[in-house]
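Here is the structure we will look at.
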Amino acid sequence: MDIVVAVKQVPDTSEVVDVIKIDASGKDIERGTLVSKINEWDEYALEEALQWKQKLGGTVTAVAAGPGEWDDTLRRALAMGADRAVRVDEDATVIDCSAVARTLAALIRRLPYDLVVFGAQSEDFGSAQLGPMVAEMLGIPHAALVIRLQVEEGEAHVERELEGGTRELYTLRLPALLTIQTGINRPRYVSFASVRKAREKELSVMSLDELGLSPEALTPAVELDRLELVPAGKRAQLLSGSAEEAAAKLAEILRDSGVI
Amino acid sequence: MALTEYKYSDVIHRCFRCGYCKFPTSFVEVNNCPAYARYRLESYSTGGRLWLIRAWLNDELDWSEHLGEIVYSCAACKNCAEQCPLPFSGDIVDMIVAAKGEMVERGSIPSAVKEFLENVDRQGNPYGTARSKRGEWMEGTDIEEYRGQEFLYYVGCVGSYDTRAQQAARALGRVLQKGGVSFGVLGNKENCDGNDVGKLGEAGLFEALAEENVRQFKDLGVRRIVTLSPHAFNAIKNDYPRLDSAFEVLHYTQLLRDLVRARKLDVSSGFNAKLTYHDPCFLGRWNMEYEAPREVLRTIPGVELVEMERHRADALCCGGGGGNFYTDFLGGSEDSPSRIRARDACATGASVVATACPNCLTMLEDAVKAEGLDDRLKVMDISEIVSEACPPKGN
Amino acid sequence: MADILVVAEHRNGNLADVSLEMLSEGRRIAGQARCELLAVVVSKDVTALAPRLARWADTVLAVKAEKLDHSLAEPYQKALAPVIRERKPKLVLLGHSSFGMDLAPALAVDVGAPLASDCTSIAMENGAITVMRAIYNGKVNALYSFARCETAIVTGRPGLFAVEEGQERGTIEEINLPVDEKVERKRFEGYSEPEVSEVDITKADVLVAVGRGMKEKGNLQLAEELAGVLGGVLACSRPVVDYGWLPPGHQVGLSGKTVKPKLYIALGISGAFQHMVGIRGSKAIIAINKDEKAPIFTDAQYGIVGDLLQIVPMLVKKMSELKR
Amino acid sequence: MDSICQSLAEIVGESHVSNRPEELYVYSRDLGTAEPHLPQYVVSPRTTEEVQQVVKLANREKIPVVPLGGGLTLAGLVMPLKGGIVLDMKRMDSILEVNERARYVLVEAGVSQGKLVAYLDRHHPNLVHSEPGAPGQATVAGNVAIHGQGDLAQPYGFNSDMVNGLEVVLPTGEVCRIGSCSLGQQWFTQHPLPDLGLFLGWCGTTGIITKVSLRLFPRKRIRDMGVFVLEDGDLVPDILYRISHTEMAGDLIAWSQELPVTVSGLHNISIFISGDSEEEMELKRKLIRVGILGEYIRSGTGGLIGLSANVRPRLPRRPPVSTIQDIKKGGGFEYVGAIMPVDTYPECCRRGADISARHDIAYTLLGRVIGRSHAMMFSWSYVFNRADEDSVREAREALYESDDLALELGGIPWKPGVYGQRAVMERMDPNTLSLMKKVKELLDPNGIMNPGNWEVS
């Protein structure tokens, strides 16, 4: 079974700290001090793909649409066990999901695949759009937020994660596209040595026009006007009053937060 | 890797499981192996661990998170190497590290270990806190950046990020200043020393860190290094030379000993307490430095030094070695080695347990609280004790 | 005249909360922009659902589809695409729920409309639609506008938009969804409820975390009750495990698990660095602690300084009242 | 975790029970040549009450229970031959009482020999117990349960003869005290109550020992040893007889080994003496050297090697652990020990050397005198390479042959493995055998205690 996995590189912004700054353009953050990593969801997607390759044979190809730095992440994918990697060279910061989707769809069309897997969303923008968009463009069925997968006889039996832990069960005829939810597996550790070894594996780079895409075709449909830093709660808003009053206020806040 | 390719394939089966590895020389307690102390199951003793490793490499046993935890619960404290009567005793810890290395290569390691290594790879420290915050421990001090001073003061990850250990890092800074030592630190440019990364079996990452550090040290013209942490001391002293690095490295207790001997450090304010000293594994068993810290303590007026039943080469590890201060496979029980150690210390009647390692410091600090002994027993790093013994500037 | 179309999501005969939120928001925007609100629901039996939607919508498009008792992406897409093509609504609203994530992107491509997902605020001023999204773990807000498009599709973050009971008496149009006979490429097989196994605090949306400040094991009962009303799970800091109050599986922080819940309520946790490392991914942190200077208050959004043993029971009481 | 594991966890706590492959693997293997047998559960109790609850659970569920101490019998006596629960007793390791005047110590079953020695050294320098020449983690209770002997065997006999009292959890879960302790808190004697010695030598098939009161003996300040070396093994029994007659010697061990070649073919008699004063020592030395060995030395039959004066004070309490098991670089070592008439020493050696030769293993033969030459524990030791199945098989066969030899020469295999037990029972008087059977059936109606051992067919 041939599997294509789409991966993305993101800045590590998991810190509770003031490391994020908006750059001069006002439309991006200063990436200078930030460390890059593979998008967490994509790591699970890769692991899932590799496990099914181990069971059923075939190939795993890692793909990405982004700038040169992203080769680090693709190398990591190769080190994890992907057979080859292809990066479409483009500036990920200025285009939107639909443009990336178009790019990846154009690339994936040229690759052999029975299964395409995406991370359910990205750590940085969290749009959760890419997978289903690409599926629609490729004209294949998809399921988002897959938390369990069983592949047999040209079919994928999946469980989608719904609110409150309930799961939606589907059977998809291959070829199909799945977006993978964290927790579906335990991604393997990628040792330093294996990353070195992976340097020998094939990592090809394609340009947009090699894919027959014009930059115009990629102009964002949703335009980013500006970014604003969320004022970090440097200090908690303390709820005053008696135990009862404070508790009452907090209860309201909790209700309005909608978490419950 | 099949058993045949394992570096110790011709040795590992030679463990008879006689059990000496569980004891100190005196045999007073069977729990001198921190992992065995915590679980008291043969699987967690060194012998059991070696037999399991062999079974795994021999495909008699599949890898599991639990197997990973058993292997990684080894704190690399070297008690077994000290006690094993057989000729290969010197290799035991390496046998376990080699097995960890194989797990690393296969990508099958416990989640906590994975986090540790990925954090170090990304941010240069196990906690995953930003590199750009490594120097924050210095805020409010006038400690200089390193630019060609006599000593590079290498702080290490725990001293740089752990709020409790930061106090020791700052205290050592003050003491070195009072001792008139010319030194500087790397601040945000400092990177993980890799000692525990190596003990977790990630040889590749360790080599990379070591090469990077050696390069940086050389570029800055570093000749002499003093470390806060025995872990860093061990790596720089015993492992870095493989990369033809020629630095003189001292653990700070050795430097302080020289200073007090040379009367360059005035500790006349003294420190009035009955205290006991906990030997850090990477200073003691790994580098046979038992005297320097004790000599420093003895020279401080008012200090009454009493020993725990198990000390020096027989000291019980705090359970923080081999990355366990982070991965914590030995925590969460009254049988956790750090808590046994806290009780050992308390049994001496001392009011202070001193140590000379940021890892031990944080482990014991937590343990003393967990044991509810905080009102009776204070955990202090020797740097803090010396700092209190130094008269305020101008005197 | 430009419509606002709200896609109604339902399961087991109930409308999803997020759909009510979107209906309310749609109603609000429609009011401001003086345009019509159209709600679409697809089900084999729409008689119960449609009238509810009519309270917010001027028009409810009730699409009857055989064999369909729940909101599933594919039939919804089949039903919605032609509607959107015909009516060209200015704005299509749906929740950023599991269903929304499955449906919206494919629908957007299908009808060639731009999509902004997981939005935290939505505005339409003289025809121009702008939205806000939280990115980079909620540390940055991104403001977007939709350039030259007939229809914009927006999914809203669940639980963020207030629900206001609708006052409308909208009309209901029923149509039938032509079920195509060709074998489905995607076959719905039903639902499964996860077997209740050991707690996994890394999965929980709501964590009620207890620390040394709980004073004694007996007091954990209070935290459990709170977790009960919040539909959350009990977590704890290192000492609590050390004391044997809770098994290690519950421990959060350096030596415990790293968690990223939507809501993290810290009871009697001072917020030592070792603990904070483990919760920095939390969306919202709320702290109750007797020590006003406890570092936890630095990272918490809201806090109460006071005695847990008084406050927590109060909070439980208030919450259960509000839930009724 | 299955339901039984859950129940066990409720009894001893989650950290101390396991049914995971890793623990099961480790506890399925003995250090000797025995074939592995997987348990279903491994449990490490802390208190008698916990042992009691585990046994009751096991009875309810009809699960075998195998008590484990140091696990150093090497004969596979702690292998779960029929699965079930391995009960690792080493967490029960408190030293409960030392009565200086009545010279006894009360310990929990898991207390190791090493810990007891260290404890007495530190707190009761005038007292010693009879310590077996085993690694320090061997347990006191495990040793008496198999009728072990120690370095005081010559003057005082079997360790199991030094037991003042026992606390035992019966196979049906009741806690039972044997000896003066059954009347109160006095642990100083087993006699003169009706003899209930049903728990020693049974290898845990009649109950689980949870406490032992053990006799202690005067510890002399000065120790010394000499080794009398001779070629003619036939003379050894007579020499041992005469030395024991002087009542001046402590531990008496005759031994002969093939390696190193320099000692090959020789017989050695290690003679330990101790005393409180140099005068006492000198007298003892004189009575043995001059009185007994003198004539042999003059006739050139043999010679005596003594310790140099500067070594003497450093004579270790416990002989440094033998690294003999590593000769084959294979970490495997097992021996047949048998209680033999001292007169059979020469034959034991000759035939033992033959067995070793047949299996291509360097011979290591040793006889420790028990009592005033009343008997000796004679051991035929065989090393093997754990990683080499042929080597393991050779050793196993040599061990079987040694069991048979011991019986043939009128001795009794000590702590025999299953093979030895069967061989013993084949020769046993049928009435005695059926009595054993009755006792077991009476105490252990469900047959859950270390089944497969002492199984009267």
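In this document, chain identifiers A, B, C and D correspond to the written order of the chains, with residue numbering beginning at 1 in each.
Everything that follows uses one rule, which is that a residue touches a chain if its C-beta (ideal position, glycine included) is under 8 Å from a C-beta of that chain, and two chains touch if they have at least 3 such contacts.
Keep in mind that what you see is a predicted model, and the values were worked out from it rather than measured.
Trainee: When A-C is set beside B-D, which has more C-beta pairs in contact?
Mentor: Most contacts of the two pairs: A-C.
Trainee: Report the chain whose mean Cα position is at the greatest distance from that of chain D.
Mentor: C
Trainee: Quick check: how many Å separate the C-alpha centres of chain A and chain C?
Mentor: Between these chains, centre-to-centre, one finds 20 Å.
Trainee: Suppose each chain is reduced to the average of its Cα coordinates; what separation in Å results between chain B and chain D?
Mentor: Each chain's C-alpha centroid was found; their separation is 40 Å.
Trainee: Could you put a whole-Å number on the gap between the CA centroids of chain B and chain C?
Mentor: 46
Trainee: Between chain C and chain D, what distance separates the C-alpha centroids? Give it in angstrom.
Mentor: 69
Trainee: Residues of chain B touching 2+ other chains?
Mentor: Where chain B meets two or more other chains at a single residue, that happens at 128-129, 333.
Trainee: Which chains touch, pair by pair?
Mentor: A-B, A-C, B-C, B-D
Trainee: In the complex, go through chain C and note every residue touching chain A.
Mentor: Result: residues 16, 21, 72-74, 96-99, 101-106, 108-110, 113-118, 130, 133-147, 149, 152, 158-160, 162, 185-194, 202-203, 205-206, 229-231, 262-263, 276, 280-281, 284-287, 292, 296-307, 310-311, 314-315, 317-319, 321-323 of chain C touch chain A.
Trainee: Given the complex with chain B, which residues does chain C contribute to the contact?
Mentor: Against chain B, the touching part of chain C is residues 212, 238-239, 241-244, 248, 251, 254-256, 258, 272-274, 277.
Trainee: For the complex, which residues does chain B have touching chain A?
Mentor: The contact residues of chain B facing chain A are 104-109, 111, 113-114, 117-118, 121-123, 128-133, 202-205, 207-208.
Trainee: Considering only the defined contacts, which chain B positions touch chain C in the complex?
Mentor: 115, 127-129, 161-163, 326-328, 331-334, 336, 339, 366, 369-370
Trainee: Can you list the residues on chain D that touch chain B in the complex?
Mentor: Contacts found on chain D: 15-16, 18, 20-23, 25-27, 29, 31, 42, 44, 70-72, 88, 90-91, 93, 112, 114-115, 117-119, 122, 135-137, 320-321, 323, 325-326, 329-333, 385-387.
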